[in-house]
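What follows is subunit A paired twice: with subunit B in the first complex and subunit C in the second.
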Partner chain A sequence: MNWSHLLVQFTPELAVLVTAVWVILSDLFLSRHPSGLWRQCFLGLAAATIGAAFLYQVPTPGVELPAIITRVLLVSPLTSSLKFVVLLLSTLAVVFSYRSFEETERHAGEYYSLILFSVLGGLLCISSQDLVLFFISFELLSLPLYMLCGFRRYNSASAEAGLKYFVNGALSSALMLYGISWIYGSLGSTHLPTLAANYAVVPSPPSGFLVGCLLVLSGLGFKVAVAPFHTWAPDVYSGAPPAVSTFLASAPKVTIVGFILRLFWQSLDGTGQFFNLPVDWVFLFTVLAAGSMFVGNLSALPQQDVRKIFAYSGIAQIGYIFLGLAACNNPHPQQSFSAVLFYTTVYGISNLGAWAVLAVLARGQERFDLDSLRGLHQRNPALAACLALCLMSLAGVPPLSGFMGKFYLFRAIYESGLPFLVVLGILNSVISLFYYFKVLKAAYFVEAEDGGTSFLQAPSAGPALPMVQQLAFQLCLWSNVVLGLWPAVIGEVERVASTITQGS
Partner chain B sequence: MIGLPHYLILSALLFSLGLYGVLTRRNAIGVLMAVELMFNSVNINLMAFSHYMMDTAGLAFCIFVITVAAAEVTVGVALVLSVYRNRNLIDLDQVAELKG
Partner chain C sequence: MDFIWLVLALPLLGSLLCSTHYRALGKAATGMLASLAILGAFGAAAATWFRVHAAGSYTSQLATWLHIPGVSGVDVAALADPLSATMLCTVTGVAFLIHCFSMGYMSDEEDYGRFFASLNLFVATMVLLVMANNLALLLVGWGGVGYASYSLIGFYRQKPSAVSAARKAFLINVVGDVAMMFAIFIIGSRVGSLEFTSFLGPASLDRMSGETILAAGVCLMIAAYAKSAQLPLHTWLPDAMEGPTPVSALIHAATMVTAGVYLMVRCAPLFGHGPEGADLMVIMARLGAITALVAALCAVAQNDLKRILAYSTMSQLGYMFMAAGVGAYGAAIFHLVSHAFFKALLFLTAGVVIHALHGEQDIRKMGGLGKKMPGVQLAFLIGALALAGIPPLVGFWSKEAILLGTFQDGNMERQLLWGVGILTALLTAYYTGRAYVLTFWAPARHESELHLPGSSMTWPLAVLSMASVAAGLAGHELVSEVQSLATHLPVAETHETFGALQITAILAGLIGLGVAYSSHKTGRASLVPDSAVPVLLGCESIDSLSKGAAGSFRSFADMVAVKVDPVISQQAPDLIQRSLYGTSSLLCQLQGGSLRLYAVAVLASSTLLALFVYGLFSLSIGAGQ
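Up next is the complex of A and B:
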C-alpha cells in the first residue's frame, strides 16, 4: 500500500476538492469579499493545472497504487493530458468570470465552489474505470452546471436557461442510466475491463448490451449537444450568464469527448470485438456528425444574437469532432485519435476565447446582438483582436490552429477511406465562414453609432481589465497561432493517442 | 412464476411512461415526476439483474442512483422555484422567452 503515491497521482483532484471546500468555508466564516474568494479559487485551480502538467511530464513508472483505487480510477497518459486541458480551460474560465457577478456579489463563494465541484466531477469522469463512478462523477459535473446557468436568480432569462438545461440534462442522465443498467444486466459487471473481458467470451453480442451502448451514447450526446440532442443549447447558452457559458462551452465538452474515446475505444474495443456489434458505427457517427454540422451552421446564418451564433457554432464544431470519431471505427485508429484529441483541444481554447470576450463585455451591457459589437476595435482593441483570432481559428483560416486541427482531422478521415465525409466537412467549413465573418464585420468594419469619440464615456467600454485577465487573453490569442505551428504539440498528441488502445 | 423478464418488462413500461411524460408534460413539476419515474425504472432493472445474477454490485449502484435522483430533484425544484418567482408560472410551453 502506497498511500503517498496515491496523494501524488491524484494531486489535481485533491487540490480542486480542497479548494472547493475551502472556498465554501471561507465564504461562510472568514471573508465574503468576492475578489478574495476569486483569488483562492484561481490559486487552487492554477495549482491543480500545474500539478496535472507535472504528472503528465513525469509519469512515475512502477508506482503501485492500492488496488481499491486502480479498480475504479485509471491513470494513463490520456487521462493526465485530458485533465491538464480541462483544468487549463477551467482556470481560464474562472479568470474571465472575475467581477462578473457584481449584482449578486453575496453569492460569489457559491459561484466559485460550484465551478470547482463541476471541475472535480469532470476530472473524475475522465479517469473513471467503473460505470458507477462514471455516473456519479457525470452528475457531479452536471448538477453544478444547472445551478450555474440559473445563477442570476432575478433575471428571468437566466432562470429559464437553468430550468431548460436541467430538464434536458435530467432526461439525458435517465437515458444513460437505463443504458448502464442494461449493460450491467447483459454482461454482469459495471467495471470496464471486466466488461471487456466478459464481452470477449460471449459468442454473440447480447442485444441488451447494444441497447445499453446506444442509450449511453445518446446521453453523452445530449451533454455535448450533438445534432438530434442539441435543442437545449441555443437557449441555454444565450440565457445563462456569459461567464458561465464560457465555462460550459469548453471544459465539459472536452471531458465528455475524452470519455467517449475512453469508453468506446479504450475499454470496449480492448478485445477488438467492438465492431462486431450489429450496428454500423461509422454510419451512426456520420449521421450524428452531418446532422449537427448542417443544423449548427445553417441555423447560425440568420441569427442576430452573438450568443446564439456562438451556440450554433458550438453545435457545428461538435459535428466535426464526431466526424473524426466516425473515422476512428477501423482497426488502426491512432491517427484519427490524435486528430480528434488535437481538434478537441483547439476547439476548447478557441471557443473559450470567443466566449470570454462576451463574458468581459457583459459587465457593461445586457444585449448581445451584432450591433452591440459595433466599433469594438476602437473601444477595446485587445478584446477585438482576441475575438478575431478565436473566430478565425474556429472557422479554419490557414495559419491558425483551427486550420491545422481541421487539416489533421480531414487527413485522418481521408486516410481511413471515407472521402465523402471530408467533402461534408469542407462544405460545412465554407458555410461557417459566413457567420464567423458576420461577427467580425460588426466588430471591425462597422463604426460605433455615434462615431469614435464617445467611446471613452460609453458604458460598454468598461473599466480597464485586470492584469491577470489581460494575460489570459494573450494566452488565448497566442495559443490560436502557436498550437498548430509548434511541432512538439502535435508530437505529444500523437504520443498520447498511441497509448489509447494499449490496455486499459 | 414471476421471473426476470417480468421485472424487465415492468421497468421498460415505467421507463417509457416516464419518457412520454417528460416529452409531453407541460407543467415543470410534472416533468420532474416523470424523470423520477425513469430513475426508478432503472432501480427496478438494477435490482432484478442483481438478484438473478447473485451479484451485489447492482444493489450498491441502486443506492447511488437513489441518492443522485434525490439531489437531482432538489436542484430541479430550486430552478422551478426561481422561474416561478420571476414569471409566476411554471408551464414549460409558456416559459419561452428564449426561442432558439
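Up next is the complex of A and C:
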C-alpha cells in the first residue's frame, strides 16, 4: 500500500478538486476579478490535462493502490485516455467561455467553480467501479450543469432551460437509481466486478437484472440525448448561454459514452458479449440509434436558429455512436470499440469547435438565427474557417476527421455483419449535409449587411479575440485535419480499445 | 527520425510558406526561400548518400500509417539505399539549379507565390515518391507529382492551350495512378506486404504465381509508361511544353518522367523472376527501342525548339526502358542521372534563348545568337554534344553503357535492339545538331532587340555544363552499385575495351552532327520534304486517336448534362427535400416545449423499452423451456 502512488495516479482529479475549491475561496475572500478567476480555472484544468496526458503516456504497471481505492476506482488505459479527452475538451470549453459573463453577470466566479465540479464528477464517473459511486459522481456531473444552464438568471430563456433540464434530469436520475436497485436486488451487489462474477454463476439470467440495466441505460441515454430521451436537448441547448452549451455538448457526452462502454462491455462481461442474455441487444441499440439519427437529422432541417440546428445535430451524432455500440455486440468487438472511441473523440472536438464559434459570437450579438452568421468569413475569417471545418467534419466530408471516424465506424458495423445499419448511417449522413451546408452557406456565401464591421467592433467585445482563444480555435480547426490524417491517432485508439475486454 | 526526412520536409515547408506568406515576403525573398528549401533538401540528400555509402542501406520509419488486416508495411517509412540516395541527390540538386534559374526567368511574373509553391511541392512529391519504402506511400508521391505537374503545366491559366495541356497531362497520369493502384491491390492481396524489401524478396516472389507476376508487372509497367511518356501513353509530354520553361526543365530532367524508370529499376526483382517476368522484360525492351526511334523521328520533323527537346526526352527515356528491359539497370539509372544534367542544361539554355527572343520558340526564326551570347552558346553546345553522345561528355558514357548492355548477350534480338539504338543515336545527333546550328550558327532571321539574361540565369547553366562534362567519371561505380542492388547479384567485372561497338556509336553521332552542320549552316530550315512530315510525326496520330475517343465521351457527357442531369440533379433533390421537410415538420410539432410532455416522453419511453425487452426475454425463456 502506497499513498504517494495514489496521489500520482489521481493527479488530474485532485488538481481539478483543488482548483474548484480554490476558485470558490478566491472568489469569496481574495479577488472577485473575473479574469483572475478565469486564469486560475484555466491553469488548474490545463495542469490536470497535462497530468492526464502524462499518466496515459507513462502508465505505472504494478503500482499497488490501496484496496479501498481499487475497489471503487479503476485505472486502465481506457479510463486514462478518456480522462485526457474529457479534460482537454473541458479546458477548451473554459477557454472559449472567457469574457462570456463578465459584463452581464455579477457572479462570474461561480461559473468556473461549477464547471470544475462538473468536470470532477465526469472524471470520477469514468473511473468508478461501483454503481453507487457512479451514481454520486454522475450527480456531481449533472447538478452543476443544471445550474450552469440557468446561469443567466434574469434571462427567461436561460432560466427556463435550467429548470427544464433539472426536472427532466431529476426524473432520469430517479429512473437510473431505480434501475440500480433492481440490479442490486437481483445480483446482490453494486460493485461491478462482483456483479460480473455473480452473473457468471447464476444458472439463468435474472429478469430483474435485465430491467435494471435497461433503466440505467435510459438514464445514461437521457444524458447523451439519444432518442427517445432527447426531448430536453433542443430547448436546453438553445436556452442556455452558448458558452455553457459548448461544454454541455462535448465533455459530458464523451464521459457517458465511455462509461457505457465500461459498464456494459468491460465490467459486466469480460468476453465482450453484451451479456449472454437471450435478448436482441443489437436490435435495442439499433432502435435507439436509428431513432436518434432520423429525429435529429430531420428535425434539424427546417430550423432557423443555429443553436437548435446544432442541438439536433448533436442528437443525430449520438445516433451514429449508438450504431457503433450496436456493432460492439459480437465476439470480436475490438474494431467496433476503437471506432466508437475514435468517433466519440472526433465528435467531441468538432462539436465543441462549432459551438465555440457561437459562444464567441454571442458576446457581440444577441441573435442566433442563420442570418446572424451572414458574412462571417469577412468579419472574422478564422472563426469562419473553424466553423466550416468543424461542420464539414461532423457532416463527414473527406478527408476530415469526421469522415475517417464515420469510415471506421461504418467499416466496423459492416464487419459485424450489419450492412443494413451502414445503409441507415449513410442515408442519414446525406440528410445531414442539407443543414450543415445551410449554416456554411450563411457564413460563407451571403455577404454581411454592413460590409463586415458589426461584430468584433462592438466595444464590449474588444478589438480582437484574446490570444488564447485564437490559439484554441486554431487547435479545433487543425484537429479536424490532423485527427483524420495522422495515422498514429487511430493506432493509439486501437491500442486502447484492445485493452477493454482484457478483464476489468 | 533521420535526416532523410528533411529532404521531404524542407520543400514541403517551403511550399507552405510560399503559398501563404508570399505577399509579406515579396518577390525576391519568395524565390530565395524556395531555392534555399531545395538547397537544404539537397544537403540532407547528400548527407543521406554519404551515410548509405559509409554504413549501408537502412530504413527509417516515421509512423505506422494504416492497419490493414493481412497487409503489412503500409507505413510512413523511407528506404535509403544507393538507388534512392542517388535519385534524391539528382532530383534535389538539379531542382535547386532550376529554382535559382527561375528566380531570374520568372521575375516578371505576378503570380510568383503560386509558382514557387507549386515548384517546391513538385520536388517534395517527387522526393516522397523516391524515398518511400512501400508502394502505398509511393503512390502518394506518384499522385502528388501528377497534381503538381498539372498545376505547373497549366500555370498560365488564362491561356486555353495551357489549361488543356495541363488537363491532358493530368488525365494520362491518372491512368498511371489507377494502374498503380491495381498493382497495389494485386501485390497486397497476393503477397500481404507492400514493402519493397519484403515483397521483392526471393521468398515472396517464389510464392507468387506466374499470373500474379504477370498482372502486377503489367500494372506497374502501365503506371511507369504513363508517368514516363512511353508509347502509347506519351501524348501529354510534348503538350506539357505549355508550362513555363523552368517547369519543362524540371519535368524532363529531375522530377517527373524519371519516376517510371525509377519504378522499373526498383521493382527489378519482380521482372527478373520466372518466365513471365522475362516475357515482360522483352516487351519492355522492344517498346523502349520503338519509343526511342519513333520519338527521334518526331523530333526530326519539329520546328519548335522546346518540342524538339521534349521528343528527345521521350526518346532518351526509351533508351532507359530498353536498358531496364535487357537487365542493364545500372546503365538505365546512369543514363537517367546524366540525362538529368544535360537535359536540364538544354532546357534552361532554350529558356534563355526564348527569353532573349521575347517568347519566340520556332527555330526557323532564330539564328545568329552565337555571336551575341557566346556563353549560352557554349552551354547549349555542351548539352547538345552530351545528348548526341560525343565523348568525353557524360551522355556518351551513359548511352554507351546502355548500348553495351544491350549487345552483350549476343542473341539476334539483342543485336537488332542495338541496331535500333545506333540508328536512334544517329537521328539524335542530327536533330540536336540541327537545333543548335539553326539557333546559334546560321544567319539571323529575326530583327528584335535581344533580352539578355542576368547572372541568376547563367550561373546554373555553368554548373550544369560542368556536371555534363565531368559526371561521366562517377558512372562506372554507379552502374555496378545499382546493378547489384537491382539484381541481388554481384556485378561481374567487365572489361572496358574501346572496341568496334564504341567506334560505331561515336561514328553515328559524328555523322548525324556532320549532316546537320552541312545542311543547315546556311539557315535552311529542314531536310525533310513537307510531304514526309506527317509520316515522321506518326506517333502524334495516337494523339488524334485519343482526341477522338475523348470527343465521343465528351458528346456523351454533354448529352447527359443537358438531358439527364436536370432530372437527377434538380427534380430528384427537390422531391427528396420536400418529403424530408414534410416528415420533419411532423417531428417538430412533437417538440412543443412543454416540460410535462417531455417528462412523460422520458417515462413512457423507458417503460416501453423495459416492457419490450422484458417481453422478448420472457418469450425466449418460454421458448427455451
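Heads up, the rule we're going with is that the second predicted complex is superposed on the first by the 481 of 504 C-alpha atoms of A that agree within 3 Å, B and C clash if a C-alpha of one lies under 4 Å from a C-alpha of the other, contacts with A are read in each partner's own complex, and residues count from 1 in each chain.
Going forward, a residue touches a chain if its C-beta (ideal position, glycine included) is under 8 Å from a C-beta of that chain, and two chains touch if they have at least 3 such contacts.
This is a predicted model, so every value here is computed, not measured.
A.B. asks: Let me test your reading of the model: by the given contact rule, A:W265 touches which partner, first (subunit B), second (subunit C), both or neither?
C.D. replies: neither
A.B. asks: Tell me which partner A:F285 touches in the superposition: subunit B (first), subunit C (second), both or neither.
C.D. replies: In the superposition, A:F285 touches no partner, neither subunit B nor subunit C.
A.B. asks: When the two structures are overlaid on chain A, which partner does A:F134 contact: first (subunit B), second (subunit C), both, or neither?
C.D. replies: Neither partner.
A.B. asks: Now for A:D235: first (subunit B), second (subunit C), both, or neither, which partner does it touch?
C.D. replies: both
A.B. asks: Pick one for A:I431: touches subunit B only (first), subunit C only (second), both, or neither.
C.D. replies: second
A.B. asks: Kindly classify A:W38 by the partners it touches after superposition: subunit B alone (first), subunit C alone (second), both, or neither?
C.D. replies: neither
A.B. asks: Which partner chains sit in contact with A:V167 here, subunit B, subunit C, both or neither? Use first/second/both/neither.
C.D. replies: both
A.B. asks: Quick check on the output: what are the common subunit A residues between the subunit B footprint and the subunit C footprint?
C.D. replies: Common to the two interfaces on subunit A: residues 163-164, 167, 171, 175, 231, 234-235, 299.
A.B. asks: Which part of subunit A faces subunit C closely enough to touch in the complex?
C.D. replies: Of all residues in subunit A, those touching subunit C are 163-164, 167-168, 171-172, 175, 204, 207, 210-211, 214-215, 218, 222, 228-229, 231-232, 234-235, 277-280, 284, 295, 298-302, 431, 434, 486-488, 490-491, 494.
A.B. asks: Can you check the complex and tell me which residues of subunit B touch subunit A?
C.D. replies: Subunit B residues touching subunit A: 8, 15, 18-19, 22, 28, 31-32, 35, 38-39, 41-42, 45-46, 48-49, 53, 55, 57-58, 60-61, 64-65, 68, 71-72, 75-76, 78-80, 82-83, 85-87, 92, 95, 97-100.
A.B. asks: Mind pulling up the subunit A residues that touch subunit B in the complex?
C.D. replies: 132, 135-136, 139, 143, 146-147, 150, 153-157, 159-164, 166-167, 170-171, 173-175, 177-178, 180-182, 184-185, 188-190, 231, 233-235, 238-239, 299, 308
A.B. asks: Inside the complex, what are the residues of subunit C that reach subunit A?
C.D. replies: Where subunit C meets subunit A, its residues are 63-67, 76, 577, 580-581, 583-585, 587-588, 591, 593, 595, 597-599, 601-603, 605-606, 609-610, 612-614, 616-618, 620-621, 624.
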